[in-house]
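In the two assemblies presented below, chain A is common to both, partnered first by chain B and then by chain C.
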Partner chain A sequence: MSFYLSTIAVYFCVDLLAAWALNMQFGWAGIPNFAFILTQAAGAYMYAVVALGPSGGLTAFQHYILGASLPFPLPLLVAAGAGGVVALALGLITLRPLRRDYQAAVFLLFAVIASDVVSADVGLFNGSNGLAAVPQPFSSLQTTLGLGGYQWLYAGFTAVICLGGLSLVRGLGGSGWQRALRAARDDEAGARALGVNPAVLRLQVFFIGGMLAGLSGGLLVGFISAWSPGAWEYSETFAILTGIILGGVSNNWGVFVGTFLVQIAFQELTALFLPQIGYPGLSDALVWVVIGVLWLLVIYFRPRGILPERRTRMSTLQPSTSPEMSDAD
Partner chain B sequence: MPTETSNLSATQMPSAPVLAASDICVRYGGVEAVAGASLTIPTPQVVGLIGPNGAGKSSLLAAIGGQSRAASGRVTFDGEDVTQLPPHQRARRGILRTFQTASVFDGLTVFENLLVAGLGDQGSRLRGALLRTPALHARERATAARAARVLEEFEISHIADHYGRELSGGQRRLVEIARCLMRSPKLLLLDEPMVGVAPHLVERIGEHCRAICERSVAILIVEHSMEVIGSICDRVVVMASGEVIDDGSFASVMKGESVREAYLA
Partner chain C sequence: MNSTILLQSIGFGITTAAVIAIGAMGFTLQLGVTNLLNLSFGNIMTLGAFASLIVERWHLGLVPTILAAPLVGAVASVLLARTLLAVFARRQNGAFELLMVTLAAGLIIEYTLDALAHLQVFQFQFPSGATVHLGPFVFTVLSLALIGAAALVLAALLAALHLTRLGKALRALSVDPKLARACGVPMRRMINLTWIVSGALAGLAGLVYVTNSLTISAGAGLNFLVLVIAAAILGGAGSPVGAVLAALVIGVATEVVAAFGGSYYSQAAGLAILALVLVLRPSTGMWSGPTRDEVTV
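For the complex of A and B:
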């Protein structure tokens, strides 16, 4: 059980990091980034190939590009960078010339195409079989701490990174930059008429969100040691998005609650505690049905989510009145 | 900056006009909305832009503000050719505007709406958001204080914490104008700011226009009500079918034939 809980804890932190990242792009900037999972996948793959060592070496059964064995924190940095770069590339292609409703479709297409390409091109990341035997960081500790202890250590490490992500998100949250981004989301022409340049802001939020997503992918693959196209189907983006919408768009704690409900309570715990019904895979499919229904229910009955976005009151922004007393709503 | 202090007497100095738009054409597909219109605003004054529906008033404003790229013609602002500049660059130089359909950021509070405009480009940079330097903090405080003052001036402090989506039509107009002021405009373009506004607010918006102009801000205002135009404008420009057909004082324009013809045509 402890083994299982530590696994869940790692998953939750990874999902949360990704959800906060996607919320920046979707909640703050209003960009329907349905290709979000690509940036997480980029981080995971890049982490794997710079940790696995040369292709054809010890793991001769799989083929991949690059192939290095960088010492531990470095693969994580590579993962973050990869996520950022992929997000930036996506943003450069989709963000500027397209209307928002077409954007959503283009993002979705990218997610599907990328999955097909990676599955088909065996030389890239070992095709549809994916990469396995990715070394876990400081795996020698597994002998001293025991596997259970090591898992909790990893969970703790992931939680620390997650907290770092939270402080970044919170710091950006009240900034003029974020306000300009939200303004451009609400009325692009109006924002531009006030001197805001939405194109630049959106590329920036893509890059930052992509870095966090890449980091989350790296953390995940460092834990589970394997990564394949099955792990990043485009539908995963919808799961993250459902958590955000259910919990509360643009509310960090709302995203926390929603992510827990969707990713952990529905996906993991149901898989554990509900008996397998019908043919194999049916209960998994049913979870997706539940997620779809949830989405509809939220939109109908609680469109701003369980914890709606918090109103920024003038008194919190003004020097004259005390800045501590705030948000007594 | 250079034009700011030297000529307080408002006599015609050889300094560059605030705005000179010449031979502007704006086309939407096959429709020629503005067909070679010219308009100069030499010094800060309130200029009314009138004309029947579809005359091209909004399109001319868009060509000046940068929302529509002029197919031909030149827009010079404060001595600088801004014809090729995108709208946000023009705003940074001091051309601010409101829209025929009021633009308010619905997901931001009224106070935040003002801050977006007030912090400017420096205050909304990512680097600033990441580093949070003391200089930026000071700037944010100053902007917040300024926003509070502008809200007071417009007598809308009580809705500071309302979301844009919670405002009435008249409040939206006031917020939109107040927001422009946060950026210290040199030229303010107002597209029918009184539409959908309760009568007592119409009067107040008119007073605000006069007060803003007193602070050396040129105003170009599109308005259908002759009463409003007559009471606040120093000068009136008449458009019809994409062209400027008359330009002068309110009295002289009213006496002329062109207005009657334009509205009857």
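For the complex of A and C:
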């Protein structure tokens, strides 16, 4: 039981990091990034290949690019960087003056194609079998702490990073940068007239969100030691988004609640406590059907989520530095 | 020797283009008239293909097998529009919200099919017939039939859109729905007709896709939808001719890349063309996309 709880704690922290990152892009900036999972996958893969050691050595059963064995915190940084770079590349192609629904479709196309390419090209990340035997950080501690103790240690470490992510998200959330981003979302022409450059802001939020997503991917693969295309199908983005929309777009605690309900309470706990029905894999397929239904119900009944986005009030803003301006208030 | 491979792959590309074109014409017609990017289109293709697979297992002959796919596609498409999409459109949801609804509908269809199919990949036996040499290209009878089917669909669509009053009404509807309604165009009937025709084309495209790939699984439609959407967006929403031309470009590109650069990247090549157009896109003209915001489902 303790084993399951620590596992779920790690998953929850990883999912939260990812959800807050996607919420920056989808909630604050209004970008329908249906390819979000690519940035998490990029982080996970890069973490794996710089931690696994050279390809063809001890792990001759799998092929991959690069191949290094960097000491522990470095693979996480590589993962974050990879997520940021992939997000930036995606953003440079798709963040065009395009209708929002077209943009969403293009993101989806990228997610599907990337999965196809990585599955097919065995030389890249070992194809559809994926990478396995990724070393866990400080795995020697497993002998001293025992597996259970090590799991809780990892969960604690993930939680610390998750809290760091939260403070970053909260810090950005109160900034003028975030208000400019939201302004550009709600009224692009108006924001432009006030001297905001929406294109630059959106690329920035893509990069930051991508780094957080890559970090979450690295943390996840460091824990489960394996990563394959089955772990990042396009529908995973959809599950994160369902949590965000259920909890409340652009509301950090809403995202927290929604992610817990969808990713943990629904996906993990049902898999754990409900008896296996039918043939293997049936309940997984049904979970996705229910997520689709849940998504429709949320859009229909509570489009603004359980905890709606808070409106910015003038009184909550920082007092202006120029006295004439504050007098005008 | 390279030129032989090149010509051969262009020949394959034309067949692939025919497969993409049938789906893209249905997709673009529906996008042009309703202004809704329907992400469940690929799943309707899968439904059609599965319907044909089931009918084929009953051994009723070729004609019922071929008819099953468009029939099921048309019914599924109009049902989706009249039930789910109509409910959400009535709530004043915009193009993006309805797109998310179609994505959810697609997810539900895909995984329901997956559950019903026990996650299996099915083989679809379809005789490809003798090989035919046409100039430098080599085709099979089946691939010629696919190309013929695409040409036939294009001709029928163009004739219907440009030579009949019905087509005129549809085109008017896609340009300005309010004005068209004011001029007495029966909106409801026209839009239902659009869903039926595009659904039938989706079903047919699904069948045509499996005759080419020979396997079918619940997730097949989505992968193929990628090329269909790329062709529809590349060709300009609502333009069947544009969709066919874009399908040709994408089809040939995928097969040439498959022949020379490794088959892993063939679909990515189709997407790369779309990405290139998005980056270099002229701000006006055929790639500007529809500008109206309201969706009429």
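Going forward, the second predicted complex is superposed on the first by the 316 of 329 C-alpha atoms of A that agree within 3 Å, B and C clash if a C-alpha of one lies under 4 Å from a C-alpha of the other, contacts with A are read in each partner's own complex, and residues count from 1 in each chain.
Simple rule for what comes next: a contact is a pair of C-beta atoms (placed from the backbone, for glycine too) under 8 Å apart; a residue touches a chain by one contact, two chains touch by 3 or more.
Remember, predicted model here, so these are calculated numbers, not experimental data.
In the superposed model, A:Arg311 lies in contact with chain B only, and not with chain C.
Contact with neither chain B nor chain C is seen for A:Ser2 once the two complexes are overlaid on the shared chain. In the superposition on chain A, A:Ser139 contacts neither chain B nor chain C. Contacts of A:Gly176 after superposition on the shared chain: chain B is touched, whereas chain C is not. Contacts of A:Ile93 after superposition: chain C is touched, whereas chain B is not reached. Look at A:Val106: by the touch rule set out above, it reaches chain C but stays clear of chain B. Taken in their complex, chain A has these residues touching chain C: 32, 34, 92-94, 96-102, 104-106, 108-110, 112-113, 116-117, 120-121, 234-235, 238, 279, 281-282, 285-286, 288-289, 291-293, 295-296, 299-300, 303. In the complex of the two chains, the chain B residues touching chain A come out as 65, 67, 86-89, 91-92, 96-97, 99, 103-109, 111-113, 115-117, 119-121, 123-126, 128-130, 132, 136, 140-141, 144-145, 148, 160-161, 163-164, 179-180, 183.
Residues 171-172, 175-180, 182-183, 185-187, 189-197, 201, 204, 208, 309, 311-314, 317-320 of chain A are the ones touching chain B in the complex.
On the side of chain C, the complex with chain A involves touching residues 36-37, 39, 84, 87-88, 91, 93, 95-101, 103-105, 107-108, 110-112, 114-115, 118-119, 222-223, 226, 229-230, 233, 262-265, 267-268, 271, 274-275, 278-279, 281, 283, 289-290.
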